[in-house]
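Two complexes are shown next, each including chain A; its partner changes from chain B in the first to chain C in the second.
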Partner chain A sequence: MMLRLDGISGGYHDTLVHRGLSLELGAGEVLAVIGRNGTGKTTLARLIAGELPLAGGSIRFGGQDITRLSSWDRARRGIVSMPQTDMVFDGLTVAENLALTGAKSLGELGKRFPRIAQRMRQTAQTMSGGERKILGFVRALVSPGKLLVLDEPSEGVQTENIDHMVACIRQACADGTACLLFEQNIRMVEALAHAVIGLDSSGVCYRAEGQEISRQDMLATLSL
Partner chain B sequence: MDQLLLILLNAAWQIAALALLALGLAIVFGLLRILNMAHGEFVMLGAYAHVIAGQLGLPPLTALPICILVVGLVALLIERVVVRHFYSRMFDSLLATWALSILMREIVEMIWGRAYRNVPMPVEGLVQLGGVSYPGYRLIVIFLVIAGFACLWLWYRKSLTGVRIRAVVNNPSLARASGINTSRFSAAAFVTGCVLAGLSGLLLAPMLGVEPSMGLDALIRSFFALVVGGLGTLEGLGIGVAVVGGVQAGLSAALSQTAGYLGVLVLAILFLWRRPDGLYRRR
Partner chain C sequence: MGFIAAVNLALLGLLLAVPAVWGDFVTWQLGLYLLYGIAAQGVGLAWGRGGFLPLGNALFFGVAAYVSAMVLNATGGAFLPNLLAMLVCAALLAALAWGLAAAIFQGRTESGPYFSLITLALVLIVAQLAETAQPVTGGFNGYSGYDSIAGLDPYGNLYYLIVGLVVITSFCLMLLEKLPGGLILRGLVSQELRLQTLGFATHRVKAWAFALSAFITALAGGLYASHQGIVTPQATGFVLSSELLIWAAVGGRLHPLGPLVGAVVIGFLSAELRDTYLWWEVLIAFLFLIVVMMAPGGAVEMITRLARKLGWHAPKLTVAPNPAPPARAKAVNGPLTLRGVHVSAGGVHILEGLEFTCPARGFLCVIGPNGAGKTTMLKTITGAMPVERGEIRLGERDITNVPQYRALAHGIGRKMQIPTVFQDLTVDENLQLAALAGRTGPLDYFRVAPLGWQVPELGRLLDQPGVPLADLGPVAAGALPQGHRQMLELCLTLGATPHVVLLDEPTAGMSPEETGLMVRLIRDYQAQTGAFVLVIEHDMALVQSLDADVLVLHQGRRFAEGSFTEVRANPAVTEVYAGGHK
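Showing the complex of A and B:
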């Protein structure tokens, strides 16, 4: 298993958002986590990235226990995260944002998102909301790593570009990368997920794998 | 004509000395968002490197490594034990570093006493420029400051390390998620700022003299320069020291030394009141 959460709990100050949540994700797989606003998707992503401290449980990554590691140590071991907000360095140019990942070239991503390749000298702050999401996504995908943790990459992005994102994630998974996809966009989830976890206010309310994944159930998870 | 040249040289000297003094404070504020009230005490500690070298019977030039070592170690200790708990808490960090400044002053007083000490010029002699003869040491310091700032600016804007520093300041959590150890970064930034403060004390000691209470003046003047220029950027620091140093030198030449100090004080108050962001604002 690439990633394994064993009964993790965590949240903010004294309010726990997650209690005893477990999940597993193998190399080359996409696990989608869906749920309405405020059900704890971002919180879970931040617990995995190490931005928030765990209140209980353990996290294993690539066969090692990373429960006590800082976020930068997790990043160095190959956990690449794209946060939901502030997913780029606003004060830096596109080129500087990409240079920090250590990647030499954009490759396929440059062809799929030509706007990024054309705007190398633009400051990220001056880009549109959708463009910033795409830049954050490109940053994550060119970063060397084994696990992608993407928090709502499709939010505010037009359909055509979401399709490009789907293709890029597929390509990364074909190369052995695992992907934890936090989403509310059912189309994107259907196109990618090998397994789905649904969250509601009391925790995990839905789990499905492969053929069992049904649009009906996912829509039910996302509506009241 | 010679009179004008002398005024210009004096202004250049004032500006260079101020830039040197304020750089450490600006770095700590710009990168860590805390106002280091102990900044002046690090200037003072750096100046005492001359005294340490003298007491150990070492040649004057060894004051440089002594300064870097002593100030660096003290700064590292203070950062790890105290300051790191106060990042992103502006007011608490102000109080904590203020308390540290008193402690440092007391300890230095305990070791070396209150006496004011003179430090001889490392480079004696005057340089003839047109009809003006000007102290060679000051010219050297002016040159070092100009070259140093140019290199620093280029490095900060163009190198990958510069990009990483700006990334941490811009978005610390994404920087951590990109594998940057922000805790070590903060320690390095604090120590660098303090060592630069110490170096300014070392270089300026032949003009300022050395005494335990010399830090206050250094802190206030650095702070004024930062307020006028705009807290937290290299460009703002450049503008701030130019305006404050220029005004002080100009008024001192035209009226008196006291008028120079008063002018700077009025300027700083005006800025704090009417334009707290300073002259240089980031896009």
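Showing the complex of A and C:
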């Protein structure tokens, strides 16, 4: 298993958002986590990236226990996180943003998102909201890593570019990368997920794999 | 009587008992430290509440001290003329501070090092003047040989006058915290940009805070002249300025009593250590380091946090709900029009001659590829980004490049792409600010009733089934998930019932169900008020459900427009942008 959460709990200060949550994700797989607002998607992403401390349980990554590792240690071991907001360095140019990942070239990504390749000298803060999301996504995809943790990459992004994102994630998975996708966009989830976990206020309320994944059930998870 | 009130009265009792219990010299020392403490309260107000760091408040302290000393000399210490002179001098210095802060902060949203550096420069200049203008100030030797105010003894009765001033400033500052003015100041520190879109001229808010800061510091300086019997250039120097900061930081800049505690504790500690321990300044410096690192809010903040843990809460001001006055926005007498609007940022052209006339009421959806200039279009309408060429009109009024805080007065409200709610404030306080927006007159900042203002449109919105904010009143807005923030941001936008509502991706990050709720809320508002609502969206199902005209932007220009069906059927549009659904 690439990633394994064993009964993890965590949240903010005194409020636990997750209690005893477990999941597994293998190399080359996409696990989508869906749920309405306030069910703890972002919290879970941050717990895995190491931005929030665990209150209980353990996290194993690539066979090693990383429960007590800091966020930068996890990043070094190959957990690439794209947060929901602040996914780019506002004051840096596109080129500088990409250079920080250590990647030498954009490769296929440059063709899919030509705007990024054309705007290398533009400062990220002068880009539009959707373009910044795309830049954040490209940053995540060119980063050398084994696990992508993507928190709502499609938010504010036009459909064509969402389709490009889907293709890029598929390619990364074909190369053995695992992906944990936090999304509300059911189309994107349908296109990618090998497995789906649905969250509601009391925890995991839905689990499905492969053929069992149904749009109907996912929409039911997202409704009140 | 509340617990907090009991603590405050006990502290006052302690102050009044000092002369009888500890004698003349301690009384004199405490009087001096309290005066420093009052001056530091002024610094605490600007730094802790206004969010900007003044490095030059000794200027107000020292100038007031010199003026007071000269008036005392001329009048022989008579009480009323000198009191009057102190007040007038403090008011003039406050006016100077107001002008200074308003000029520095206009057009900026950051609290900036500029302000700190300019105040530092001023205090250095004034200290130099005090030293060189020997015939007037006595120069290095100081100005002395005058009576104290009303002939009060600095070792005796003058102390009670100082305690009186402590009570007045502390009471006023504590009161201000509870009033709309205090709420607005906290909102300013939390999210200045949002406060501007709510119609508050934040540079003026900061100017008032700095004026009050200068006023308080100057009053302390006035009494200082009587207390010391001599005023030297040190009273207006940089060293005193930085000491004021240290006292405010150690005692607690966020609480009205913090700077007082800081000045008194450090004052007595220094006095004790100075004679017994050679390295006393190093010790004080370490104390400063420890407090700032362990308790960034200072000693009083540490105590109040402990008190809250033990269940002693500050009494909550209960305000009866009362109807809000109508919003003060100008009537809108025509459609929003953009003519040849050019905008660029960082060398990139974002809008290149955008031409468009919006409908006068109802809905308009703006769609287009990422980077087409949709958000920029909204920003230029509200003055958040400068128009280089072209003009924007609302009816007959030219609103090209209005300052951002004026947009609401023109009847324009904007919901931003990434919600910018007041994260440090609770949901209730956010909603209070939403109700204050665009409705306050100058006196309303100092009345309790506006905190209970009820806006019917806002009330209806919050009462809709599914809106999650009603039960979240005491929660800090920063702890809300993204979708809840979108709802709160919508409330902040609609609180002033603007006629022109600009919504930037209001359903981003929302599930299909929440999206449906958001659409219901927006439709409901439009039906009630007859407003014009512009919505930027990528979700075509939503665009279709609004059944509105659609404007397609591409590369900073109008690319196409028409009904949803027309735009959908336009092959040129599908070429650049297909749009999708969730």
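Rule of thumb we're sticking to: the second predicted complex is superposed on the first by the 224 of 224 C-alpha atoms of A that agree within 3 Å, B and C clash if a C-alpha of one lies under 4 Å from a C-alpha of the other, contacts with A are read in each partner's own complex, and residues count from 1 in each chain.
In this text, a contact is a pair of C-beta atoms (placed from the backbone, for glycine too) under 8 Å apart; a residue touches a chain by one contact, two chains touch by 3 or more.
What you see is a predicted model; the values in this text were computed from it and never measured.
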| item | value |
| --- | --- |
| Fit-or-clash call for chain B and chain C when the two complexes are aligned on chain A | clash |
| Which of chain B and chain C A:Q184 touches, first, second, both or neither | second |
| First, second, both or neither for A:V157, with chain B first and chain C second | second |
| Partner chain in contact with A:P53 - chain B first, chain C second, else both or neither | neither |
| First, second, both or neither for A:E96, with chain B first and chain C second | first |
| Partner chain in contact with A:R76 - chain B first, chain C second, else both or neither | first |
| Touched partner set for A:G7, first chain B, second chain C, both or neither | neither |
| Partner chain in contact with A:T123 - chain B first, chain C second, else both or neither | both |
| Winner by number of chain A residues touched, once chain B and chain C are compared | C |
| Clash-bearing segment of chain B, relative to chain C, as chosen among 61-69, 97-105 or 169-177 | 97-105 |
| On chain A, the residue positions that both chain B and chain C contact, one per complex | 123 |
| Touching residues on chain A, where the partner in the complex is chain C | 12, 35-39, 42, 84-85, 115, 119, 121-123, 126-131, 133-134, 152, 155-162, 184-187, 219, 222-224 |
| Residues of chain A that touch chain B when the two form their complex | 49-51, 70-72, 75-76, 80-81, 83, 86-92, 96, 99-101, 123, 143 |
| Residues of chain C defined as touching chain A within the complex | 345-348, 350, 368-376, 417-418, 466, 468, 479-484, 504-505, 508-514, 538, 577-582 |
| Parts of chain B lying in touch with chain A, wherever the complex brings them together | 160, 163-164, 166-167, 169-171, 173-183, 282-283 |
